[in-house]
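Chain nomenclature is as follows: A, B and C, assigned in order of appearance, with residue numbering initiated at 1 for each chain independently.
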């Protein structure tokens, strides 16, 4: 087995006086989707933000693609090949869809072939190409947010709750796009509350509780074991 | 998932008519004010003269304010020392002009323009460099702490102002404009000073250029996006800090340019002029909406026009007219006319 | 009894206690310890600035709000007394009416500014106070019919408070109205200071500090942040106005330079920062050191400037008129390296 694309060992992160991450050990294998699961408030979003560098880890180390990125600033991590889709989507609402996408291609002009691929996955973006992003609907904003991460070839995508608050039809568009991305060989670390999506997309999974990873393994194993889900997350996938 | 899903059809959230009028309202304020001026002044020629000087003043204030508002928008840094760049720019530029007296004293447009250009370049280089140093020494250690930022930048303002006294002496410096910029042209019975006309044209050109940079270049996109959500700009791979330093330097240089223009306008410069202008600059930045270049532009024109109209109509009220304008606008829009939509 | 008087807010440092007692002792007996017109002027100035700076610290140190309008409120109080004395004639009633109306006007103006700016974001407050204060300063110098313009106003106060009133002598010091006036200033300042100490140590004061530490959290707990901040602004403005009234009573003169200028605003900022933000005792230390330095250090600069004559640039840098340059440098350095001021430093050493 090849070495993992991302490896966190013993990562602690504080936000103000609060000790949020308390020794996260996480391995994201190369290729495929890794689900990051757990109840609300256990530190999933903080983990993603620590990986991209919005929060600085107080201790522990982060390795990405074989290199130590613990002390790199956010832009350097992004340029090393990490795409980030935050929970609030981070859309530049005063800019047009086009301008959002131009910015997303940090290392040069947008690649037309890639843009076609993105338009195929998210048709509304073509329709509203020249509209202000702030006027898009919630689902369209989420599409734009993911499309921005896809604007350039990246090795790892960090995606925080892409289906939150969306209608089922749009969720299936999202899931389709993520599957597409996976097919292209990218690795994805996905935080997701919707278990049917998690079950359908996930290859491996890690479950967090109280700022730590408390279980890691194959998604299928977790999905098939109701007692394990109950123990780890206090609820079963079916109940959701 | 329980609720039935609506069809997934792209839907553009169209703005309602009142919303669109609301958005365009600030743009209408300037013509409204001009019409108000016309109606209350009565005499066309006085009105024309006042309007041109109001616009000229507005343009100069805008040039000084643009950097400040962007610096705040990008990094949440409030620089009370911005006025120091105005003063320094004026002193450097005017010193250059005085040194080039052989170019400014002759009625040759070419030589006069060359002298002004040289003065402007000198002023902008010095204030740009000063801005770079100011950012490193004064501002950088106090990121994220507004209280300390205000205190320290006020300290920086005092030190720079006092250094002007040390280097140029304690007295104000009087000057005369280059020959071809003296005098006035008569238009529709109104005498309009050439310099004011030039200031309007120049300010307008600068505003258009600034807008082009912000709208059409990638660096402009980064700045606009950074004002809304700096974290996301970094997550896309851009070093916001470098962009910020660039904007800080550019903003300081523009303040210096504004200082030269203001000095030529007033025909006298003092070390305290930057501090005095800062009052107007702050009012403009507040009513425009912190972080918004367009808002600052409109705000500056409003302040310039109103001040000139009121000074003509009711001189005693001119001083508080700006405060009244600020109060009225904040009652209407507590965040200013065109607040930047901050993500989160 | 004593701890009750200081609202149980102990200096918490032996050296600090000594310094404070020393200052209190010197100010209380100033006319007898340091006879002479100039030293009495200095002592009165110290008393008034302690109150002014302490009232500013209620905003800056305890509430985390930067205001540039504090001299405006100070000036309102001073002009209140001056105008009342000019229009109502010499008398205690004029002093009282002037003081009360100055304080009320200041509180109302502060309320207005607070409602406009604190509602949106605290940073607006700094900019708006700067704009309003400068407009008022210009207005005062323009409305010369009412305010005397740049020349200011001279007026008479009750005879019992002037040097013309003589009572005899005590310990070789002649007891005059001026001395009574000094004790009016001294005791009023002491009372105001103890009042401020009470305010910051009350539940209200603690809420202010909680808001300063984390306004989101304070709001979430259920405190109406805007209300508390605005109230602090009004209180601070009213006390500053009363300090201004005392100053007007002491000087028998008001003018824009002595009460409204931006330079005094800078002095106040510096005194707060040097003494120590967020502690009332900082105001005592800061004001005392600063006023003493201002009165005696400038002479020193003049000497140094004269001594270095002939060298390039140095004499200009040391010119007594460049006093503000060094204050500015000192100010920046204290904010960076000395953020808790002298009081904070003394407390951490014990």
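Keep in mind that, in the parts below, a residue touches a chain if its C-beta (ideal position, glycine included) is under 8 Å from a C-beta of that chain, and two chains touch if they have at least 3 such contacts.
Going by UniProt, the chains are A = ATP-binding cassette domain-containing protein; B, C = Branched-chain amino acid ABC transporter permease.
Fair warning: this is a prediction, and the values are worked out from it, not measured in the lab.
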Most centrally placed chain, judged by C-alpha centres: B
Furthest chain, CA centroid comparison against subunit C: A
Interchain centroid distance [CA atoms averaged], subunit A/subunit B, Å: 41
Computed distance of Cα centres, subunit C from subunit A, in Å: 56
Separation of subunit B from subunit C, taking each centre as the mean of its C-alpha atoms, in whole Å: 34
Where subunit C touches two or more other chains, by residue: none
Residue ranges of subunit A touching subunit B (in the complex, touch as defined): 52-54, 73-75, 78-79, 84, 86, 88, 90-95, 99-100, 102-104, 106-107, 123-124, 127-128, 131, 134-137, 139-140, 148, 167-170, 173, 194, 196
Residues of subunit B that touch subunit A when the two form their complex: 1, 5-8, 10-15, 218, 221-222, 224-225, 228-229, 231-240, 340-341, 343-344
Residues on subunit B engaged by subunit C in the complex (per definition of touch): 78, 80, 138, 141-142, 146-148, 150-152, 154-159, 162-163, 165-166, 170, 275-276, 278-279, 282-283, 285-286, 316, 319-320, 322-323, 326-327, 330-331, 334-335
Complex contact set, residues of subunit C against subunit B: 60, 64, 66, 116-117, 119-120, 122-124, 126-128, 130-132, 134-135, 138-139, 142-143, 262, 266, 269, 273, 313, 316-317, 319, 321-322, 324-325, 327-329, 331-332, 335-336, 339
